[in-house]
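Notes to accompany the following structure.
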């Protein structure tokens, strides 16, 4: 979470528009996958030289260019050059610690989103996805191989998919929808975790519970940071007056907007639940402590006076009345029993037992 | 509460407009109940084939089509086809984890609401009700048999009911009103529960109280999630510029709006009460603990020094002055009494007793 | 507070406009007091048959009709019929759990307010007052005999009161002003209570304090619920474009508005104070507990080792060096004193004493 | 703070515009100080009869009339009559528990402010200052002698002061500026107090700290109540479309506005600091308590078993093996040492030591 | 933080526009560094007499005048005179406790910002930077030597820097950008600190942790105060209708705006994290305390009854049955073991062990 900022500071002092990739360097090469389709046909190509993309820009077909891996800055720059992207847009694409946002540059609409998921070691992680929606093309940039777009690819390949008649704006919508659908998977897993911790809180005083609550809270902060701005982003797309987005696609964007609100709503519900957890946990702990204290108090306050009485009769004075009496011992035991009973009655009355 | 999300994720990856029912599968069949009325007459029919509904669409009568059970997706699809519902509307009807909302599609107004109630096992539960208000017809979709609409049915059947002269918009209003009226029943029960817990908090330190407070908080989160958006929904209906809603019905909608605000207000009052409960409980517990600790301290601090004195006179040194004295025993008891008295005076002064 | 909801649920299922009184049934009859005045003269009549009110509706005089007791629904209905009140207005008048609000029905303005006061058993209570301001008449509805309007009555009766020249809108203003003035009396009493509890918190650990804080909080929630919406109500009156309210009266309404804001401001100040009270109380309690614990620890940790030493010398071993020594006893006492001193020095150093 | 409300309630029931002074009665007489100036000359007069003020109203000079002491209501009424002040304005001037506000009555602008300061007994106190800005005159009303206006008086007297060419609006600005400047002195003192308490919190567990924190919080509530509304007041002055305020003076009002925001900002910073103080204090206390408890536990758990062993060997059974052994005593001491060592190792392992 | 207010109060009572420097007096002299450039050439001069700056005002080149050190008020005044700055602007420049803001005086735009950094002793500190953007010139005022502008200087000196063609508005943007870039460095360091404390909280109960949390909270309050208003400032620049800022520069300002929002977002994330820290710490501490208490209770409750038994058999009664029995001693030990076992079973059952 905070790693982002650390990396971001490498850019401090550079002029605006400087193309510096601030994410992790991954080993693999940057790849460019192109899907080019019309109602009649579909072409899938992996382009090795970004310079060859020019043809797609001018064709009448709908083209989806998916760039995976941002560490080869030159490739991104080349793509930007061919499609005439503003230097600040390119800078934002590479600065992978951006807040989700949408910007409308007359000839293209630019969208930054966070794809989130539970990856290895059960931690939630995010990856920045940038979309550029232009006239009859969509360019998507992602940091690492692997994404949530496979169902979209499947649908494009299906010859029966009516949306192949629709334009690039519908494609962009489908990609955004896939990302938002991914949120549901994450909050489902998160919901199971929060339920598990919530049950654990009342059941027993495991010190690990605090650790779990802290973990939940931090993940929640993290998820909120990724998802909240999406609301604004999608409502911005829906309402922007660009001619790149048709009326029909706006209807679908409204639908994604509702989904995003649903995710945010659920996150807020979880937040409310998590907020109260530590209090409940502390109350439970305090309750158990109370019970422990009571037992200590009862045992101690009963036996301390008795021990004192025994101690008195254990003193070695030569002249102690009663020690010689034949019933002295029994009398002392009787005294002790009486003291103990008085104590017990007192505790009952105080409702400690 | 979170189950919703789990189920929702089954849809991830499907194209928009995919008709998938995400709720529980119920055993029974989907039934379609039609009430068709004018001022003069009323027909009640249970339609078995959704294809027969077309006649009602075009008639001059007011028609209420109530579809119960959403698991037979084909039936819902058929209804949608006949009445020309948008695929996204059908998708929302089946996705029963929607947030309440209203949408105005020129030829129909679409409303999603939550019907809530205390069902079996004393837990609050909700059921999604979708209304489609068209020209001279209202279609309602519900997940399970059993609803809060019986008083509306009774009124429609009554030949004296003046509203039979009014249009489908008044019918839609009556259904919404019935749902909001149901909220009052739920918050009445909830109010009794919260009062009960609130009294219990001060009365005694029952560990079960924490459990109850947690339960109340969670129900509150749940109720708020269902009821809050209704405010927006109804005010949306009241203010939308659709010709489907007459001026007169808008006045009545204003009235339901006031009721919803009243419910929300009461929920907020409960929230404020619930928020302070755990603090009050903890304070009470802490107070009792304090009292217990004081008794322990007083008993222990009085008897520990006395026991020590007894211990000293119980040592086995051959030469111990005083042991042989005839009044030694009494002197030691006097010493102990003096020490105890000093302690007691000290505690009184400190106001611990 | 919650009683309201309980009663409200009796209405669930009834059609809108159903006239059902949801408040307490009071024994007395519904009474109708009419004050009818112009600059020159004043008539005060108690009307027994609501049907006779028609004359006042059409006269040129200013008429104040005060209806006390809402349980005789027929009387209220009759009044409504004569003055042409909308069924929803009548329903609201009888539903005494309304949120304060104002509504502008072209020919009349309808206002719901809460009159609050400390009544018997020192609890704050409210009573719903509904005003209908029409052309040259004001109708007020109250649940029980006894109100805060006596100063207004006195002023109307005074032949020197210039406002007798003014219209019904000024009369309505005067009634609203009387109600808001009543708020000052309540928050004055509340202020004294909160100050008393605030002083008590630091002074001593009385378990009753928690109860008082809880009481304060609940009253505050209650007061806020009654007073907050008044801000909106009065600003609505001031700004509505009805011709029933003259420019001059609007100036006076602005003044009442300022008073309401002042009351709300004071309530918010009390809320801030009450919010911190429990924390302060808990801190005080915790501090005292700390002190108690310290004394226990000091006494126990000093005497437990000493008792152990005495115990060792009280063992019955045949061969124990030192027991036979003539200075053995004194040496043991010296040892004990040394141990005690070391302990005391340690505690001083730790700043526990 | 709450005294205000108490006093305010005396007015309940009186008709609007009733002139009742709700503040403290001060012994001295009401005085009227007039400073009348043009660029060339300046007159300072103490007027004894309010009736003589009429001349200043009509003159071409700029006149500052400062009325000190509001308990002689007749004087205030007379001033109001001469300058044509609205009865509601006069009522507000006398009702010294007003919230700061500004009102624009075409021929005059009316401003209520709070002058705050640390007076005797180190408590913060406020005094209501009302300004009436008319055409070429400013009337200020204050409750008690003594104010923050002396620097303004000095400047007016200075023949080099260029602002003597400017109108009454600049004079009003200068007075408001003097009051806001006074806020800086108060928050400086408050800032020192809050820093002192903040240091004290960590240093030691003085029960007086809670009292100090409570005091800080209450002063903060008080200061906020006085200062917050000033923001609105000054921005209202700056933006009102009255011809009484020139463009140039508006620039200066913008400057005072910035100062007010700066004061509010600092107060909010203090609020954030104060909010966390009690938590930090409680944590510190709890930490110390923890340490105390550990020492008690270590001492008690080490010596309680040892005392038990000594007690066993102190029993008076005739046949006890080991008592007669020559090394029995040493063996028992060894046993005790072993037990103590095991305990110590256990505690080390648990990291309690 | 509060020092600001202390110093600010020195100005109270002075007329507006009084030039008083409220910051620390630094030893060095005020220096004026001028960078004057066009596309073709660049001049760097250190001006000793502020009077010589007039030439730059009228030239066609872009001029950056950087004034370091504000304690020589005369120099600042001279600069203001030459460039025709409003007295209130000069006053704000010298009053270094201003809140960040921007003001548009037709012929110049005036911006106040805070440059923040971790300076000596690891504390975060700020310095006020004032910018005046006029027609073809930028004047910057800073309190102390040393700033974050070196990268900008380097870029200006570079003959290949295309922005040398652009106007003074781009220069102003570059300076603002440099300051916002500096924020990233600070929150990176702060992020590391907060992570360190967050780990420490769960690991061990170090009393120093509270001190660290308090420190973090105060720094956060401080950072928020400096950074939050920047959002408004930059959005104000972007949206103001001054002709001094070209469309192109506005695009770049949008970029800085996004960076500021990113910083604020991260600060809010840290705030959320810091908010929960003390709770987590307290819970951990409370948990450990609980464990300590349990051990004490177990040891004490087991041995206190045993000691009592030993004490009974240590009493010196002449007639005590059992003492003479040969197996008496063993029987007593057996009794003790039995009691201890019962206790242990009880504790196990209560799940305290």
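When the chains are written out, they are named A, B, C, D and E in that same order, and each has its own residue count from 1.
Going forward, a residue touches a chain if its C-beta (ideal position, glycine included) is under 8 Å from a C-beta of that chain, and two chains touch if they have at least 3 such contacts.
Computed from a predicted model, the values in this text were never measured in an experiment.
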Required minimum of steps from chain A to chain D, each step between chains that touch: 2
Centre-to-centre distance between chain C and chain A (centres being mean Cα positions), rounded to whole Å: 42
For chain B paired with chain C, centre-to-centre distance based on mean C-alpha positions, whole Å: 26
Euclidean distance of C-alpha centroids - chain B vs chain D, Å: 42
Numbers and ranges of chain D residues touching at least 2 other chains: 282, 286, 289, 293, 296, 300, 304, 307, 311, 314-316, 320
Complete ring sequence of chains beginning with chain D, oriented so that chain E follows: D, E, A, B, C
Footprint of chain C on chain B - complex, ascending: 148, 150-151, 155, 161, 163, 174, 177-178, 181-182, 184-185, 187-188, 191-192, 194-195, 202, 251-252, 255, 258, 261-262, 265-266, 269-270, 272-273, 276, 279-280, 282-284, 286-287, 289-291, 293-294, 296-297, 300-301, 304-305, 307-308, 311-312, 314-321, 350-352
Chain B partner contacts - residues on chain C that touch it in the complex: 1-2, 4-6, 8-9, 11-16, 86, 88, 91-92, 97-99, 101, 204-205, 207, 210-211, 213-214, 217-218, 221, 225, 278, 281-282, 285-286, 288-289, 291-293, 295-296, 299-300, 303-304, 306-307, 310-311, 313-316, 320, 322-329, 332-333, 336
